[in-house]
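Here it is: the structure, laid out below.
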Amino acid sequence: MSKSGGPVDRATLEDLAAASRILVDQGVFDSAGHFSMRHPGHPERFLMSRSLAPQMITADDIMEFDFDCNAIDARGRNGFIERYLHGEIFRARPDVLAIAHSHSPSVIAFGLSNAPMRAMYHNAAFLAAGVPVFDIREKFGTTDIVINTAAKGAALAEVLADKPVALLRAHGMVAVASSLPVAVFRAIFTVTSANIQHQALALGGPLAALDAEEGRIADLINVQTVGRAWDLWKQRVT
Amino acid sequence: MSKSGGPVDRATLEDLAAASRILVDQGVFDSAGHFSMRHPGHPERFLMSRSLAPQMITADDIMEFDFDCNAIDARGRNGFIERYLHGEIFRARPDVLAIAHSHSPSVIAFGLSNAPMRAMYHNAAFLAAGVPVFDIREKFGTTDIVINTAAKGAALAEVLADKPVALLRAHGMVAVASSLPVAVFRAIFTVTSANIQHQALALGGPLAALDAEEGRIADLINVQTVGRAWDLWKQRVT
Amino acid sequence: MSKSGGPVDRATLEDLAAASRILVDQGVFDSAGHFSMRHPGHPERFLMSRSLAPQMITADDIMEFDFDCNAIDARGRNGFIERYLHGEIFRARPDVLAIAHSHSPSVIAFGLSNAPMRAMYHNAAFLAAGVPVFDIREKFGTTDIVINTAAKGAALAEVLADKPVALLRAHGMVAVASSLPVAVFRAIFTVTSANIQHQALALGGPLAALDAEEGRIADLINVQTVGRAWDLWKQRVT
Amino acid sequence: MSKSGGPVDRATLEDLAAASRILVDQGVFDSAGHFSMRHPGHPERFLMSRSLAPQMITADDIMEFDFDCNAIDARGRNGFIERYLHGEIFRARPDVLAIAHSHSPSVIAFGLSNAPMRAMYHNAAFLAAGVPVFDIREKFGTTDIVINTAAKGAALAEVLADKPVALLRAHGMVAVASSLPVAVFRAIFTVTSANIQHQALALGGPLAALDAEEGRIADLINVQTVGRAWDLWKQRVT
């Protein structure tokens, strides 16, 4: 059995648990969705709730996993069957500290069609890097859609590549970031940008979306100022 | 008068009453909508609230009916005039344990047009079996739309056939399942899938919806994991 | 000065005040919108709140007006400037007991285009009678849109004719009924039907809406069963 | 350092802080957005919260700035980096007393396309004057979108010209008015009008929107009656 990355301070666990409740409060998670973070003391371990509706998650529900998604100290708790999505992204992306996985309706719509998501405004600037779509059929044929093996997680991580967001066809999305509040921010504003894009496309004509360079520099501001939103979001759920 | 299927334990009645309140809380029911379950002790009896707005239903409002929709022990209470919808589906579908009937706007839209509903994501996998539309005009001509006779209920059950969901033209939908939480789950995610499909269709091009086999195996996971969502939904209304 | 129709019992005044708060709670009224009823003791008087945001209206805010929209006993209170809309409909339509006037966005969209509203489902059956559009420009040229004279109210009443609902171009809608709960019901389900129609039209093809006769007989059921919804709606705001 | 415009009475500061919370409550602001007003005692000073999520703003968070956006008495507090948007509009528009800046999704959609916003109904009558779109690329090339210099603020003010509302491409909107409640009103009903226009355009055909003269005179009524809405909005957040 893998060794633990060591104890994690209570405030970090509470922030991690709050992230799930925040994404419910902000309309990104429903009765499902999960959020994880890399262990602050060990780069090859990650922290994630036991299998539980995100609105109900507290610090005591957080478990520790190695990159093979084995629980370090399960104590009878069950992890989400989709934890492989998280484990393989943490393995493939050393720059990623936190991951959100949701089933946001307006985002799923883009994963079902050929219309690419674009960055509709500065808050969604990170989308200007491009939003790849993972179709599980390409490597795995007919499945139950769930990312429940290391191979499926790795295939998703490969499609995600170096991007902040990827869509999963007929399933949902994943947003990653180098900090917990930024991953929450990206999960939220991916949804808002999708909503805007649906309306803007319906208006017709070319869309004056952010281009790649506008997106890159606008996102620097988002990362710098995320604390202002985080303070509010956290206050609303604690 | 038919004999009762016998007393039903309080927890079951509370779950049945909660199902209606859950569907209000989740935006599926408004001031109308009804939910029923087969009597756990007698396969030819079913349980359903007296005629009451679903948000107000408690365990004490549950009545018992035979398949002809006669109340076993009315004690002055009135059943919904649409209980025939439930009775005839229970009669025709021995595999069905619970039934939800709602008037969800985004779903009704599909029942008015020729665009078939499809399964937009894994949570709505059960829709991949196909979603028939019942048009009351075909057998009954001009009516008040209400399923208020055994003949109308039977005609709907015939259109539903072996499917989990059917639409009622200019009226609503019905979702059935072999357990109470799964019927609630299907009523909720039929609506979400409809919302996604409206947006995805507007994007244009072919939709990469779940195919029948993906849907069949993805729904097995839904059925296995429904407890996680049910615990949350119930907690929110009790 | 006109004579009063006499004292009105407290329960009636409370229902009338509740109607406004209900329409806020149900998302039909925002910071504006008004609801009136004919005086139960005098057919040429009507009751309506002083000018106040509908969410704040209580029984003590109800004023009495004659058909010329003069307050019977103002006691320093000001009526809505649009009370002429109500007065002239009560004058023209002896069958009408209650009137709701709202600025519901999804309904206004229909008043701006040539697409007629139709009855999308049984709850909106009353729309199957046809939904005329009042364009204030036709008789009054360029105005501030407000129904602030008897002539404008009468012109609207003429367009409404014998229908339950009319749209006001670039303004809103009016719903009338022979009872207070039914007027509330019609205001609510006109909005829901508009929402459905937007989605159904986007799906393309002909719409299998209720025809005039289906609508007529389906609405009889609505009128008979409105008490079930009314009890819920009232409980939510009291 | 500039001299202060003098002390501001507590009720004014509370109204200014409430304006931000109102715009959250009404769905116009999310975790961002800011609202400012001209100093009542000095036409070349303005008042605006320190950098904080709008839902959390109270009277104690209000700072005073000169037209170069220097804080008069910062006491360690930081202003929003976009305060230049406010400063330059106050400089260019002596008639403006209050300014709201939001990132409303349905409005942003119009700023990304060539479809001009129009006044869909009387509450949005102020839009009939025309709604210009500011594209920061035109003068500043590739940027991070933020209005963080006097030059960018001035360029926006130039595009706004004498209008009540302007859109910022891929960013948001600004609404201005000669009183605080009217600026709040305009921020709210710009969003509602955008929502209506999306639906009305989808219905097809020409839109019977308010023309310029209808809009001009209808807006006079809005300004006269805004107190009724303001009382409600303020009560909801205090």
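Chains here go by letter, A, B, C and D, matching the order in which they are written, and residues are numbered from 1 within each.
FYI, a contact is a pair of C-beta atoms (placed from the backbone, for glycine too) under 8 Å apart; a residue touches a chain by one contact, two chains touch by 3 or more.
Because the structure is a prediction, the values reported are computed rather than measured.
Each step here moves to a touching chain, and the least such steps from chain B to chain D number 2.
A straight line joining the Cα centres of chain A and chain C is 46 Å long. As a whole-number value, the distance joining the C-alpha centres of chain B and chain C reads 33 Å. In chain B, 202 are the positions where the chain touches two or more neighbouring chains simultaneously. If the chains shown are joined wherever they touch, the resulting network closes on itself as one ring, and no chain has more or fewer than two partners. Going by the touch rule set out above, the chain pairs that meet are A-B, A-D, B-C, C-D.
Against chain D, the residues of chain C that register as touching in their complex are 30-32, 51-53, 55-56, 81, 103, 105-106, 108-115, 135, 142-146, 169-172, 198, 201-202. Of all residues in chain C, only 119-123, 125, 192, 195-196, 199-200, 202-211, 213-214, 217-218, 220-221, 225, 228-229, 231-233, 235 touch chain B in the complex they form.
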